[in-house]
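One structure coming up, written as structure tokens, with questions to follow.
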Amino acid sequence: MQMHPAKRVEIVIENPLVGRLTNALTEAGVTGYTVVPVHGGAGRSGRWTREGQIGQAGMAMVICLIKPERLDTLLEAAFAVVERHIGVVSVTDTLVLRAERF
Amino acid sequence: MQMHPAKRVEIVIENPLVGRLTNALTEAGVTGYTVVPVHGGAGRSGRWTREGQIGQAGMAMVICLIKPERLDTLLEAAFAVVERHIGVVSVTDTLVLRAERF
Amino acid sequence: MQMHPAKRVEIVIENPLVGRLTNALTEAGVTGYTVVPVHGGAGRSGRWTREGQIGQAGMAMVICLIKPERLDTLLEAAFAVVERHIGVVSVTDTLVLRAERF
Amino acid sequence: MSDILALAGTNLISPIILSFVLGLAAALARSDLSIPEAVAKGMSIYLLFAIGFKGGASVAAHGVDGGLLMSVGAGVLLSFGLPLLAFALLKILTGFSRLDAAAVAAHYGSISIVTFVAATSVLESRGIMAEGYMVAVAAAMEAPAILSALWLVSRNGSGGRMEPGLMREILLNGSIVLLVGSFVIGLVTGEKGLGDIAPFIVSPFKGVLCLFLLDMGLVAGRGLLQSKGVIGLGAVAFGVIMPMTSSLIGLIFGLLIGLSTGGVVLLMVLAASASYIAVPAAMRVALPEANPAIYLTLSLGVTFPFNLTLGIPLYVALATQFTGG
Amino acid sequence: MSDILALAGTNLISPIILSFVLGLAAALARSDLSIPEAVAKGMSIYLLFAIGFKGGASVAAHGVDGGLLMSVGAGVLLSFGLPLLAFALLKILTGFSRLDAAAVAAHYGSISIVTFVAATSVLESRGIMAEGYMVAVAAAMEAPAILSALWLVSRNGSGGRMEPGLMREILLNGSIVLLVGSFVIGLVTGEKGLGDIAPFIVSPFKGVLCLFLLDMGLVAGRGLLQSKGVIGLGAVAFGVIMPMTSSLIGLIFGLLIGLSTGGVVLLMVLAASASYIAVPAAMRVALPEANPAIYLTLSLGVTFPFNLTLGIPLYVALATQFTGG
Amino acid sequence: MSDILALAGTNLISPIILSFVLGLAAALARSDLSIPEAVAKGMSIYLLFAIGFKGGASVAAHGVDGGLLMSVGAGVLLSFGLPLLAFALLKILTGFSRLDAAAVAAHYGSISIVTFVAATSVLESRGIMAEGYMVAVAAAMEAPAILSALWLVSRNGSGGRMEPGLMREILLNGSIVLLVGSFVIGLVTGEKGLGDIAPFIVSPFKGVLCLFLLDMGLVAGRGLLQSKGVIGLGAVAFGVIMPMTSSLIGLIFGLLIGLSTGGVVLLMVLAASASYIAVPAAMRVALPEANPAIYLTLSLGVTFPFNLTLGIPLYVALATQFTGG
């Protein structure tokens, strides 16, 4: 089956910032992403779980599949939001079906 | 530790189709997959979130780890289900422990 | 943007073992991971979904981004927990922003 | 007329309607207020269980008459037939593609159980009785409309196909099973069973309905925002004209069968209301190329609020007039 | 005998049992009806809190007597001992491996709190009183059976190991903590406390139980489908013979302690019921090689429905007979 | 004094407080007891809706007087002003950075609606009436404190910035919208509306509050474990001295406005309580470098339990004393 090279960007970010991140992505021309819930985690700011939370806090994972040439635009837009906040960003090489969608 | 090359296929698909997809995978001889919930996303068919949904709608992510030589069978089975629907498919090279399981 | 090579380890494991796994990772010096809920899946031990479950059972996905040179330590720690249990482990090459965090 | 307006006025000033309005307003103002999906689903299970059980217990108390079979038959007929009417109306009022029109039509042949529940609670507060078995009619009307819509599409060769397993999925769809199942439980355990669990399914019912409608308002409002520009004036007109027309057909059927005033109202409401759970899910499988933004916006964003606020009082007024009840 | 059947009949025609049957039927018919995990967990927390609180308040009202300590002691003894009986029976009736048999045995020594709750509500509707502290006995019986099972496995050298932290996890397991905690709160705040929150934990209790059993039916039914062929006729026989046998042992203990009729019934039910939450989770950690499909199917798919439908009326009949209550 | 202690004693022996203590104890003992996030959020929506509705219905019944506007004004003033006091106190008692101190200050100017709800239920059980519009005061006090805190930070040039959209987010925050919205619904539908849904929002209220406080205890306890060592003795002292001081300021305001005894108590409670939902979320956006462990531990782990157990009875005693009520 015909596959096309792409980048898979995975961003773990605090819930109150998800809207800002996806807005920034949209403004940067990124039209596709998927938001996955996160139940808990650990990092430089310590360990947490959903059960130890009240209200809107907690984190989410935003996954973007994108054409390789658009990666830098995306990362810059994402970084502007993520910069001052906790969370991580990773980029993996991948292949996608139906390239016309990206 | 001994690692074995494998493919990681990630399919984002509408909830009402998850059962059809996993059935198709099973019929194609794929015995292992993991279904992860999705909270929201955006694509060619617009932006959505769980909170703007009622009933069974929304999407899910199906992740399959598979021996490289079985990739084509899997993609064909998956594509037959996904074809007419919204959603994305990506394939990444990966390594797995305990190859006898795949 | 400056990216640094890293490994992305993805472990699917039973819920009652998540705490043990993250403790083992912490003891092995891994300070960062993300836990994602899993809604269902299939493998050598059969097919299951959240809806067919009562109580604490079910599975979760633990994702670790880690410096390549620390991979072996991580895998050994993880394997000690996962060994006798159902579940899968995969390792993918990736790139991360803000390497000082890993 | 002024009577209807007065009725509508009283209806509008109720916690139930105002909760829906609050949700709608919060969504349109882009507040982050939201009810967790699991809780909303839990409340809908509660409402289905309660309404089914009460219907069954009421049939147990009053006995079944020939009306049950006739009403179910009428409901099935309506569910099969109304999509054809809707399809024709859509061709006149909108420029929707054949596929989109068929998908919308399926929704209007099927029913909205929350509209039904809201109507029940309006009847109750006015002291108007209705046949308990109308719940069974509601269940019977969920599915046939989907078949009509698929037939509308397949007539010209392409598009909709009856996927293997889809029919079973539709008929064994959670809300049908729960409604019919709890109806049967209510029927079997009767007054005694109802007495046992009344403090759970009767007393707090209206309050739960308020919170559920708050959520419906949120969902409808967010849907409207997300699909701005998807539907034009003609489509909005359809969303109001269609329920008014179908309610009249429901009225005729109800009078012919000889239902009580309350029964006639409920049949009108079932005819007038449009599905927003079972049918959308079926459409995603059977007609994936049809645009969900269109049918969800019409059903949930136009027709549901219309029925809830103006439609129900109108139907009550008409039914009272014609049954002399 | 005909008496027992009549009792069973009345028992079967109750919203509680029929809700379970509805769930079971829906699952076996492969309907997509489902109750969100969070809501099901919420309901189980409600049930544990309510049953614990009411037990405590009842002890506060009637005073503690020596029966409390003796009953808890008897419960612990039963929980330690019944796995040995179960293990022996399994060796006779099935071909399960040592490991699987031990895992199953752990479940039957421990208890099912929903079966206990269902029995309480049967007693209530017949006007049979029971000691409030039976709730404490239930809590005490959850864990010891796990130790017995691990001992059964370790006896022949391999397999089960007491992972560090497992013991604490079992003893501080959510349902034990909630049951004991709310029992103590009920004990401390007494009738006044109960009065404060009765409209929450007393009146709607049976209704919530119905919805919870609907979910149990769904889960049990789906479990049966997923594990078709895992258990044979011998295992099914075990799933019925074991609770009947243990209930008799419970009967003897109850009579020796001098419990009231209701108390004897509840001790029989505790003995006869099998865990499906705490013990499975512990088994996944301690005996991961044991097959969960076996122990979940037996406990949830065979013994739970048996106790719910036939077992409880049988135990009530026996206890009434022997206590002369 | 002994009076206050007696009051505190009675207060402590209530299902509400003991449920919180149970949650706290379970978390500290590292039990896995937990209430699903969706259920906890569902309960908080229920509590907000119920408290808002009842407030509105009570205003509808007793009429509005000038006190409403004055009280809302006083609330806004307190919310703006108390962060300055908190900031000064923190500079004296702790070594927190400017940023952390400002973030903590925002929490103490804002309010905790659960503390308010708990106080309402204490007043009720003592038969002390309060103005229904205190609910509106609560809503008005949520946001201003955030602005004060951002001003405290921006004064010295760096750090906090008012992100675009943040102001709207804060003002249209779910709990404010729900509280104000249900207050208005209660006001509009009045006694009749309340009668309709009282079996849902009045009778089971205290019971739901118990389960919600159980969850708060679990969250507070887990938070304390996770942030051991983050706050020192000075900070703990702040967590007790600050609410006592603000409650006195609230007392003065309440007396000046001429509120009833119950109204004075509630204004004291609002002043004394610290936010743990709206403000933390706003801080994550506006002051991401401030340490959440500090402000959550202080607000949820120190001040909330203090107010719940000792604070409320103290405020009731003081208000009774000074209003002569």
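We just call them A, B, C, D, E and F in the order they show up, numbering each chain from 1.
Basically, a residue touches a chain if its C-beta (ideal position, glycine included) is under 8 Å from a C-beta of that chain, and two chains touch if they have at least 3 such contacts.
The structure presented is a predicted model; accordingly, all values stated were derived computationally and were not measured.
Between chain C and chain D, the least number of touch steps comes to 2. Looking at chain B and chain F, the chains in contact with each of them are A, D.
For the self-contact between chain B and chain C, the two sides draw on mostly distinct residue numbers; the shared fraction is below half.
Our note on geometry: chain C versus chain F, Cα centroid distance of 39 Å, whole angstroms. Centres computed as Cα averages put chain B at a distance of 34 Å from chain D.
Note: centroid distance chain A to chain C, computed from Cα atoms, is 18 Å.
Residues of chain A found to touch two or more other chains are 36-37, 47, 49, 56, 92-93.
Each of the following residues of chain F touches two or more other chains: 32, 34, 36-39, 42, 203-204. Under the touch rule stated earlier, the contacting chain pairs are A-B, A-C, A-F, B-C, B-D, C-E, D-E, D-F, E-F.
For chain C in complex with chain E, the touching residues are 14, 16-17, 20, 45-57, 84-86. On the side of chain F, the complex with chain A involves touching residues 34, 37, 40, 163, 165, 216, 218-219, 222-223, 226-227, 276-278, 280-282, 284-285, 288-289, 292-293, 300. Interface residues of chain A, counted against chain B in their complex, comprise 1, 3, 6, 8, 22, 26, 31-37, 60, 65, 92-98, 101. Residue ranges on chain D touching chain E, taken from their complex, read 36-39, 41-42, 45-46, 49, 53, 168-169, 172-174, 177-178, 181-182, 184-185, 188-189, 193, 196-197, 199-201, 203-204. Chain B makes touch with chain A in their complex at residues 10, 12, 36-44, 47, 49, 59, 61, 72, 75-76, 79, 82, 88-93.
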